[in-house]
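Consider the two complexes below, in which chain A is the common component and chain B and chain C are the respective partners.
Showing the complex of A and B:
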């Protein structure tokens, strides 16, 4: 009896939270399969009757969404990879080496994160323009580093600090160089952290709107979030297509999370030391 | 095999000096234990021998070669850490072969070395397990296996048994000792546990606050501690210290703060009328019957029985002393008993900050 009441106390708020979080996605998924007429009915119809693929046909064959999808993929993967490479070295340095100004530098890394996006758009535009990187993949990839690198460095620093120093000492005695220690010992042990950072970075760049809007103005370079907005014209919004495109855009993220979530919870560190 | 020599080795952290001109020599094949309370610099010293800490001044040589600027992997040493420091993402086999692999040793040789070490340590069936699937004692053995595989000149142990429970610790103590006898490798072993030091060492180095207090054979340290610190650190229960003065009267006696008098053995002339600290091991005190000469009274304040022996805590001579009885004690708390100290087993120390031993 006690137990059941406790379960109820816990599960009710959780159910509520899940409902609030998931409802928009469900609505989006359901709406993507509705014919235009059923989108506007009052009271709303919960399920499409009959379900239709016409919205997906519009999105996949009559719009630029596939192209935008590829753009988004290139830019997000590129930026995430670059962020990981820089963050691994920076975070390892912050976590393991004692140097003058370390804590100041680590604090400074976050300041970039605190600046409102709007304040950096104009300076960035000027710099990118000067370098000829407006409307290029490289331009957006580099710009997105500003977005993802600081938090990535901070997160990974924490993970690296969690590795017992004695493990690295042991590896050094065994004959590993500093880089050897990083790649053979530390990196495999922070793989949950690497996955977390990669996910964070990928999602952040995949969804980013303002920078993409400012620095990718040509049709060939636009990304998915911008593409979504294209279905809204001056007089009309094709909600069915917007929902279908949103569905397409959400799919990779959902898939990645499904595949990766098990790795999040891995207890790789246990057994290293006395534990 | 090689000897290890430390010559005026200093370690500074900024302005703070953690080790002060340490001189020490470990002979070929010797098992030396560095012992001292936490923060005495023993682990730092070991890490300096390993090459994990830089040396501020002085010289460390291994096998006659100064290694100050030589990287750990070129010093031909192996180290076992307190936390075992096994690589959690590798199997036991990979843990043990890691060093050889880095040194580009051919695979058949690596396999042979790992098999040999595994059979010495009884790890044969565990080779394909991960560290987290092992018990504490097994992990400890793998950590030693990782050291053995490399066949190093010098073994370094940094408090390797601290994380084990008491029973396992005793067992591993014997195993390490046995291993040392079998391999005959020069070994430097750090611990804060004086019993470990006493039972394992060929030679003990007692350290405090970055200084070496005494170096010697375990029984030498036990029988002739060089100063109050070593006297109090080695031995359990700890040595009893009684403050007082020696009188010039004849026969010469020691008078404690509370006026209790203890007769000194003949030939203690050097102590005439000085403030000293008298020290006596708990097993050198005895409970005696009425009428025994040179006896003094003490009040029982506690009795701890371990089975084979009893530790009696007493108040006497203005302080608290302990006494070890080999037989079952029928003493009760609050009882007053007569005590006698074996005159041949008395130690005297200066009552100043250094507390140096007064040679009789």
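Showing the complex of A and C:
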């Protein structure tokens, strides 16, 4: 009895919470499938009738979004992989060795993770410009290391710490080198961690806005977030297309989330997100 | 250390530390240098700072920034704590609800911004329609074009985007509260509110302090939502400090002035980062 009453009392706020969390997302999806006439009506239609793919056609065949999608993919994967290579060594060093300056170095990594992008955009622009890396994939891949590298080091250090040290000690006694231990014993054991870190870095770079806005100004090099923002700054915003493009941009993230929800949440809790 | 040899750990972290130094320390030093010189590279003393501070729009921008940060953090905390406590209760379908609640945080920031901009649309937005149906407003409100509503609207977007983070942290914090604490007050017939006020919130305090500091840093970093929805308008009414840095640098090409602003901005954020790291170190020791 007590339980049933409690369930009833609780279901109203729960329903409200779900509504608040889900509604904007649903409204985006629903709007993406509406024809023009049904987007601009009063009162608004709740569901498209019939649903149309016309907005997706606009986005996929009459806009630069496919190009931006590929750019985002190249830059995100490039920066994620590069960060991972460096981070595997650094995280192993932080997790397994005690040395002078270790905590200071770790603190610096954390600061890097927390630092707002606006503090460094001006000199980064000057340096990239000097090196001829404005509007290049390499330029953004390098700059995105500011996001992905601290995050990867920070998360991977935790994963390496989770491996029992005895496993490695045994190998060292058998004459293995530190590098040998890292690659033959520790790395295979943290492979779930590597996947989580990679996905997390991917999401962080996929969503990044400020660096992309500042360092990729040519049409050929822009990324998805910028393409999306451009849609609405044009005088006559095609909201159906904007919602369809939003839908396309969210798809990879939603897939990752569906498959890896657990890891996602642990990443969230390590405080690794930046809006 | 027993020997004076270099620890192998240092070799492992060296490449990363060099890379981070190049990407972070060098630009920061360079920002300081830029802030103290003019466009020809000659030493300019505090001139850039003076110009930046005495600009007529500065007061409004500082006010907007404080408004946005405080408003965002307060509502993120309120919503997040409520959601966290709610999701800690037993009810059917709880795990599904926990997943659904994460949607705002999972959706890319720019997508959230665009979706809310469409929902806030003056003529065809669903928000005006619903509020009119409920009788809360009698005619459409220009949420994003009216100088008085633009900030509250943007704060709502940011609160929606980040409250799941608070909820997850609160949930994790609540799960570590020992059951005996609840049982002790339930024997005395304490109400649910009593449990929240005297058990949950005190137990959550350390989590909430560090979450608040993180939320503050992220709100201060909040370019994506505002820039893509309003660009700082109408008439600078939603212009915040980091966007102004971007605008000075990339729209007016006043790199030195932008650098001076970036230095001021960093000094402020550094205080919060130091507070956060202290909390972090204290929690690590426990």
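In the analysis below, the second predicted complex is superposed on the first by the 227 of 275 C-alpha atoms of A that agree within 3 Å, B and C clash if a C-alpha of one lies under 4 Å from a C-alpha of the other, contacts with A are read in each partner's own complex, and residues count from 1 in each chain.
Convention: a contact is a pair of C-beta atoms (placed from the backbone, for glycine too) under 8 Å apart; a residue touches a chain by one contact, two chains touch by 3 or more.
Model, not experiment: these values are computed from the prediction.
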item: Contacts of A:193 with chain B and chain C, given as first, second, both or neither; value: neither
item: Touched chain A residues, chain B compared with chain C; value: C
item: Touched partner set for A:25, first chain B, second chain C, both or neither; value: second
item: Which of chain B and chain C A:78 touches, first, second, both or neither; value: neither
item: First (chain B), second (chain C), both or neither touched by A:164; value: first
item: Contacts of A:150 with chain B and chain C, given as first, second, both or neither; value: second
item: Partner chain(s) touched by A:173 [first = chain B, second = chain C, both, neither]; value: first
item: Chain B and chain C contact sites that coincide on chain A, given as residue numbers; value: 268-269, 271, 273-275
item: Touch list for chain B against partner chain A, complex; value: 47, 50-52, 72-73, 77-79, 81-89, 98-99, 102-103, 130-134, 136, 139, 146, 150, 163
item: Residues of chain A that touch chain C when the two form their complex; value: 3, 6-7, 10-11, 13-14, 17-18, 20-22, 24-25, 27-28, 31, 39-44, 86-87, 89-90, 92-94, 96-102, 105, 107-112, 114-127, 142-143, 145-146, 149-150, 153, 178, 206-207, 209-210, 213-214, 224-225, 228-229, 231-233, 239, 242-243, 246, 249-250, 253-254, 257, 261, 264-265, 268-269, 271, 273-275
item: Partner chain B, residues of chain A touching it in the complex; value: 164, 166-167, 169-176, 180, 185, 188-189, 267-275
item: In the complex, chain C residues that touch chain A; value: 1, 7-13, 15-17, 19-20, 23-24, 26-28, 30-31, 34, 79, 82-83, 86, 89-92, 97, 99-119, 121, 123-124, 126, 129, 160-162, 164-165, 168-169, 172, 214, 217-218, 220-225, 227-228, 231, 241-243, 245-246, 249-250, 255, 258-259, 262, 265-266, 269, 273, 276-277, 280
